[in-house]
Every structure is written in C-alpha cells, then in structure tokens.
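Presented sequentially are two complexes of subunit A, the first with subunit B as partner and the second with subunit C.
Then we have the complex of A and B:
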C-alpha cells in the first residue's frame, strides 16, 4: 500500500525547506471498491490506486465571496505558506501603495500589521461591528483601537459588494458604504472545511460541512479516517460538535489517527476553543465560549473583567493586561476567558483553557497555585483577579 | 476592638510609599484572658489590650547559622524590603568589590545576579551539590551553568563554617574547603516560620514549627486565626502538610481569614508547590513534587524531559526551553513539572499547576487545548511535548 495524500497541492510545498511537493491529486474516492482515482500533477495522467485504509486530511479552503471582480489580479486569498510567499513577492516587486484587507479575523489583522510595517497605507473592512469576532465586543474594541493607533483605516459594519478593476487588475474595494482605492487586496474571510472529496464519496458530514469522526478519528465509513481542519470536533464547554480550523487540533488529530491506524489506541476527546494572536504590540487570546455563544446555548452568565499588570507594577516593562472571565450564573462553572494585553499576556489563556478541561468553577480557579515573581506577574495573577471578580457576581 | 498587628516591625515599612510603620510589637498573647501584651516602639512603654479575635500573621524569619563571626558587619540577611534597601545603600556607599552569597536558593541567585550587574566579583557557596534545590539536579545544573556564564564563582557541596572578621567587619567567608574574600556577604539560607509568639501562647504548631490551621485559617484555639508564611498548608500532590513561605499563599490566606472573620465563608484548600524565579536571561519555574520528594513518599515515577522552543522556531527571539514532567508510574498521574528557559518559559508552569489541581494524568494533559501562534509557542506547546514524552514511559 503506497501512501497517498488527498490534500490541496500547495499545502506541503517548501515547508521547512523540505521538498514536499505534492505530486498527486486525488480526484475521486470509491469506498466500495476501496480505490482512489489519482491524477499526476506533472503530466496530468490519471490512474487508480487501491487502499486498505484511507486518511482524508484535506484541510480547509478560504471562503471566497461571490461578488463582481473577485477574480481580478491583485486579490489574494491566504491559505498556505505558498500564498503568503506570493503576496510577499507581489509587495516586493509591484510596490503597491494602498492595501485593503477584507475581514477582521486573525489572518486579516496579522496581514494589516505586516503591510503597515512594509509602509503601505492599509484599510480594513469588516462586516461585523467589531474585528476579532471570536472576542466579545468590549474586548474586540481594544484590538480595534490598537489597529487604528498603528494607522489602519478601520471600516466596521460594512459589507463587501465588489471590486473595481482595470484591465483585470483590482483598483478599489467597494463596500455598501464607500469605495476604497486598493493596489492590493487581502481576503481574510475565514475558511470552510475542504470536504468535497469526502462528501462526493459518501462519507457522512456534520457541522459546517465538516467530516464526522469519532474520538479515534474514524469516519462513519469503515477503514476511512479523517483529521485536521476538515473534521468535526467535540467542544467540551458547549458540549456540541464544532469545526475549528487550527494547527494545534490538526496536529493532535493526525497523531491520534496515525496511532490508531498503526494498531495502537489513542483518542482526541475534543477542544475548548483556545486561540491566540499577536497584532503589533498587542497579544490577544481567547478560550471557551464568548458571550454570544453562551446566549445561543440559553445559558446565563456573569462576566468578571479586570485590568491588571503583566508583571509586578514596579518591574521594568510591566504593562497593561485586560482579562475577562465568563462563568455560569448560579453554579459558577467557568465558561470562557479572553485576554488582551502587551507581551506576556496571551499565554495566560492556557491556564483558563486547562481550567475549562478540568470543569473548574471560578471558586476552584481562585485557589489555583499559580507562579509569582516580579518579572512574571503581580502576586495575584491577573487571571485569578478576573476569576475573583466573576465569583463576586455569581 | 482596635486592630493590632503581631508582625516583625520592619515588614510593612515604606512599602509602596505608604507610611505603614509598625508602631507596636506584640510581646505576649494570653489566650485565656484574651489579651495581648504590647510594646510601643517609639517610647518602649508596654500595655495590655483585649481582643475578641486574634490574627497571627508573623511571617517568617531568615535562618541564621550559628557559626563564628556571624554577627559581623557587612553580613546581610534579606527578609524584607527594608533589608534590601540597606544592602543597596551599603553597595552604593561602601563600594564593596567582592561579594559572597551563602545559599543557592532563589534569594541567593537573584542577589548574585544583582551584584554581578553592579560590577562586583561574586562568589556563591551552596552546601548541596546543586543550586535551586527545589529543582531536580539535572534542571538545577542548567541554572548553575547560567550563573557561571555571567561570572559567578560557584562553590557547590561546600558548607559554611564561619567568617573571618576585622574590627567587627566581615573580611572573608570560610567553608569546609576554602576561604573566600568578601567585602559584603548575603545570607540566603532560607526562612523558618516566625511562630515563637504563637508557640509561647500555646497555639499548636505543625510541620517545621508552623502554626496549624484549618482551611478557614482558624488555629486550634478558638478566636485565634493565622495566615501567611507562619502557617501550615495542605499539599494537594503529596497530600501532606507543608510550610511554604510565598507571597501568593500569604495573600490568598489573608483574604480567606479576613472573609471568615468578617462573618463570610471562604477556604484555602492548599497548594501544589509552584514557584518561579528569573536569574539573568534564564527563567526558572517548578510545581508539584520533585524527584526527591516523590521518592520520600515511596512512589515510583517516570520523567519526561524535552528541549523545545519558546516560540515557533522561525519566529524572532525564539529560544530554548527545557521542560520536565514527572508522572506516577502505572496510573500516569501528574506529579510535578520543572521549566528552565529564556523569556516566555516560566509562566508555562501555570498550566502544569492547574493540571495538578485538576488531578490530571499525563494522558489528560496531552489533550489540553493550549494556545498556539508563532509568537507564543510551537504548534505543540513544550509542556505538552514533555507530557507526551512522560506518557511514552508510563
């Protein structure tokens, strides 16, 4: 049995200097015959290959809007290292002066920062009223302010309606409220599971069109496994299936699938929704459920939000950190946490994530024996201060 | 009822610019009569004061060795902000050229760094074979190397036998192996609970002479409470009483005592042995039990030790982090963790501490949904890689 990768071709190319060019593309999976139809990418010849066991790790694909001019030159979707290199080359060679980012998620924000640092005039268009939609609005506002501070023109609550083009090249981004000149456009509208191949083959899908798997990464079809951005995961806090495209989950799931396929035993029990990002000097992190998600589940909650210091107040380079802890009303069960602050802020989300895995209440949290020394934290870690604040409100 | 503080006088003075001079010292507690004998520090007059409720928060006192010359000038015990200011003044005014630190705990190491930075020739004497005795020897070795690298002359496995003095001023530190010239000596032999007042009054003591308290910070004597470095705590991992002198515990315990005395309800369930320190560019952290402590409990364990990177390997300022995870043989229960690394390393101990509170196994740990982004971590957080390593050895 030869190993075959059912992935988008560019995914593995040039990563870490390893020649991982994908030479084959899987066009079709025949589950009954246990065969795949494969196309060689160098000469486009096709052949069939039998399998004993199939792993679908097709990842995610960028969401592309169906608006006029979307296929013009100068509009880039970021989905792989390769597309990142393409954008860098375009900036180096074509020397664009204005850039518009469409989408205020972490890819959009990180690109905004990168292009500001390259000297471009950067605008960002976001359909929602806030950037970083995985944060609550009050925490997202802190990120918006940081973007504006570095010179990004921020257009929130505006929808993309199309692009103005000139000779097949983008000239401006058009929203429902204005037209913004653009030499280069970065699309950051998020991704969706790349499950077309699985669906076509008859592998059952779940939430958001992701592939349904059990904790061992088996699909509903015998001998067919799946892992990564294309699969469904269990969310420990909402207790619902979710599809979250993150390298951490993909990597863990790949390990679990591999162990099981190799005859071992491993499970991937689920996620708690942790994510982190850095925008300029600002570190941003979140885990668990945000207010909107809690409301959707019909739960009631309290929010403990505090401002504190990343280090002891008198220690060099101490700076502001805002921590928000969400806990269930009555029982005090921890539901989520969000952090925005300077260097040293984001990684504190991990202790909230571990607390979610543990099923802690905010009462449990305030007793946590977290580390303290002036270079690292105030005596009460900001996470614990926020938990105390939430506890007072239960 | 007037509030009275039974604490060493220097403890609260000049902290944070607040005039918190302690004006009274409690000389004696009469538990039957519910009265304390108090001395005014300004005029040495004494008086008795009745109490309804007494809080003993006498902290800890530095361990002072009983060796010849120990009372000479130029030998400093560090136990409060005030003593720190005294040392700084001595360095500024007397311009010592050579310093000897006695004791390789975190106070000793932080002082070694501070004095090297002030341009002194610094030697450090430690009775044990390693500095940072709260780490396992292999992890302590990483700290020793960092000290040697910044120019500290390190004498491990040597015991202090006395001091050479000249006109009442220290001239050299004498060990069982050599004599080391010293213009200034810093004693960092640790602290012991300051429980003399409580003991004399008949309040029952526990481990290491610390005051026995229940989870609400009540001593065994009615209406007498205690909190801070002078009390006993429950260790969640060893399930034994311990006395650990740290501001984090003292602060939490003070809050709990205060709430209970005020008619509320709060508990301090215990500690897991977390501590962190920074020596030069090196961050050091530990939690739970170290190998020696595990062996003393008669338990068997595996140690997963790995080297990884504080950030994604390609990200600016990424650097080495060593993580060691100790887990119980067979069941895989997490027993402890130790971290040594550059900036960004130490605070990762908190996720291990939270995992200890949760009673996680290393199997539980490897499923933790910890944050990832290139500025913060490799895709697998180093803590999880170490847990995986331990899991393989169970």
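Then we have the complex of A and C:
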C-alpha cells in the first residue's frame, strides 16, 4: 500500500510545512465568520478553525442505490483507498467464492479483473445494454467480449432490485430478471460531486450539483476556491459545463488553485473527457464526445472506424487495435475518438485528445507528423487511418 | 499580527496539490488541511 501514497501527513508537515490532519472531518463552513467546524474522528471532539482563504476539495461520493438490503455486510461501495483495502482484507480473510459487481464502468470492470485474478467466480450486472457507457455501443461490445473471455458472467440490460441477506450479511444480488448468489458485492454505480458542505454554506453550484468555479478555480464567494471531483469544468468540444471525476483534472485544478492563492496566475481552461482503462490484456480509451452526446447536441456526424495493428504487422507482439474517430459532417471538425486494443493501444488516445484541444479537423489530424518505426506502429498510425476513413465520409 | 491562514478541506489530489503550490509561493502562509480518511494524497 505504501507505494500508493504520494505523500504522508508527516511528509507534508515536515517537508512542506503543511499541517495535514487525517481523521478530521469538516462538518460546517461558516462563510460569514470565516471559520470551519471540525470533528476529530478518533475522539469525536469538535473545534473551530478560522480561515482567511479556503479550498474546498471534497471530491466525489459513490452513488448508492435505494433498494432493500443495501446496507448489508459484504456490500462494498468502492470510492477510496480505504474501501479498496477493506475489500482486499475481506477477500483475504473471508475467502469469498462468488462476487457480483453492480455497474459496468471503470471501477466495475477493474474490480472484475482483480477478483477474477483472485480466483473468484465473478458476475457483472449492468443496467444499460452495454458496459463502459462512455464508449459507443459497438466499441463497448469489444469490451463485453473481453470480459466474457476472462470468465465473467455478464448480465446486461438488467436492473438491480435488491439484495437477499442472511443475519445482516449479503447472500445474493436480485435483478429484475434473476437472483445471483454472492459472497461479496462490489457497487460501481459511479460517483456524484460531494458538494453538500459547500451547498449548505451557500457556495453556488452548477451542473450535476458540482461547485461552480471560474478558470482560476475561484468559486462565486470571495477567497473561497474549489478543485477536484467536486467542481464543474468546461468541455471544449460541447462548449458546455460538465462534471467529470478524474484524478488528472483534480491534480491540475489543485495546482491552479494553489498558484492563484499564492499570488501567481494560472488557469484550468477545460477538459475534453479523456480517459483510459485496462481489462486484463485489453486496453480501452476514449476522448471527446461519443455518438449519444453528439446527437444530443443536434450535430450531424460521421464515424470512421478501422481495425489495424499496434506495431508493423510483421513485428513480434503486434496485435489488433480498433480505432473510431467521430467528426462533424461537412466541416470535418474532430468531435471524439475511441480506442480498444492490446498493449500499446490506449495511449494513442492522447493524439486525438491533443487534436481536440487544438480544434483540428480530421484533415488537420492526417497532416500530423507522427513518429513511425516498426516496433511502435504501422507506417500509417491506426489513429490516422481512422481519420482518413472519417474524411472519406465528410 | 497573526499569519494569514489557508484551510483546505480534503487531503487528496486536488486539496494537497493546492496546499503544496500555495506553500511554494507563500512561505509566510499558515496552511492546514483536513482529511476525514486516514490517508492523504494517494495515487488513484
């Protein structure tokens, strides 16, 4: 676990002069008196602490379904290092044989892999007709096939209706179509901004209940800043406010807030929705808008989808990569991209993400001078082959 | 006069990045970060 901790409270105190206090929960923010009410979780005592300047970085909380039995033992809402450790301990000590994962997003899929590797019989229930809802259905299908291939029993298009329990411990997951035995259950239904504290204090909220901030990470309240999963961001492609919970954004936004608080000048101009994941041998990545979002904006679009190779086809360990490029019909403006493939596939998404930031058309992308040597890619990089395919239809 | 005080709520990536950057630029600032879990800043 140690390697997972970027810096401990002791390191913050001794090396950076930051009084980092863990097991301290802020219960209330008083913006008028400019102080917070804090509870020490080890002895439940409370105290007030005055501030001149405040950063709200309260993150996100897992979405918990309101169904019977949801509070039973053996059901884990995965959201923090702490809950991850709890699950690992439960697998080590209680030796569960069957696991059911509810939710086919990043957390659900990564947990499916982890528990399959630990030898459990794993089932995954997803309400939608596809896993990985941030991909288009055709690309999600490739991920579903990979899950089934590693032995996961996949139930798509099924909704959780409750849990069967015995003496306060979960025994099965019940969906609208079946009952699946479960020694442990992992809930991965996504997260929502943890903005209750800010809202109660009177800090204005925006999309999905996230905290409204400007490019410098200032809230609407003087000397109150916010950063991370709890804030609203600007989406460069849709040009709309979004709330996307990702560690990359949190790090950058925190840095920007800190520079501005320190008297410097920095901005966080926005996001394009870039994310990557891995399910056993399969790498998955996406950026920009997916088909559903493009339709919601009322745009006409084309999809260039190709299969290619991660390296020159004759080179050792070359393997399949599928790339899909979405572009606006007529003008050819790049709107998004998705990649599924073996090792070497996912990080190619960054070329598409950078092109989105630049406001490129698919023709601009094709003009990019990208690296080539047989160990790394075919002469035409798969991303550029997909851009060519899209261009043909523009 | 008392030092100017920064309070950070949340000790993960965003909160601790903000605290660290503010410290780099302002040696005189008093900075306290409150985190309800037992850990700060993990590699998520």
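Methods note: the second predicted complex is superposed on the first by the 372 of 394 C-alpha atoms of A that agree within 3 Å, B and C clash if a C-alpha of one lies under 4 Å from a C-alpha of the other, contacts with A are read in each partner's own complex, and residues count from 1 in each chain.
Operating definition for what follows: a residue touches a chain if its C-beta (ideal position, glycine included) is under 8 Å from a C-beta of that chain, and two chains touch if they have at least 3 such contacts.
All values derive from a computational prediction rather than experimental measurement.
In the superposition on chain A, A:155 contacts neither subunit B nor subunit C. Looking at the shared chain after the overlay, A:348 reaches subunit B, while subunit C stays out of its contact range.
In the superposition on chain A, A:251 makes contact with both subunit B and subunit C. Of the two partner chains placed by the overlay, only subunit B lies in contact with A:271; subunit C stays clear of it.
Looking at the shared chain after the overlay, A:163 reaches neither subunit B nor subunit C.
Contacts of A:301 after superposition: neither subunit B nor subunit C is touched.
In the superposed model, A:23 lies in contact with subunit C only, and not with subunit B.
Contacts of A:76 after superposition on the shared chain: neither subunit B nor subunit C is touched. Judged by the touch definition given at the top, the superposed model places A:53 against subunit C, while subunit B stays out of reach. Put simply, subunit A uses residues 247, 251-252 to touch subunit B in one complex and subunit C in the other. The touching residues of subunit C, counted against subunit A in their complex, run 4-27, 29-44. The part of subunit B that touches subunit A in the complex is made up of residues 106, 246-249, 251-252, 267-278, 283, 285, 287, 344, 346-351, 353-358, 360, 364, 366-373, 375-377, 379-381. In the complex of the two chains, the subunit A residues touching subunit C come out as 3-9, 12, 16-26, 29, 36, 38, 41, 49-59, 80-82, 197, 225, 227-230, 247, 250-255, 257-259, 261-264.
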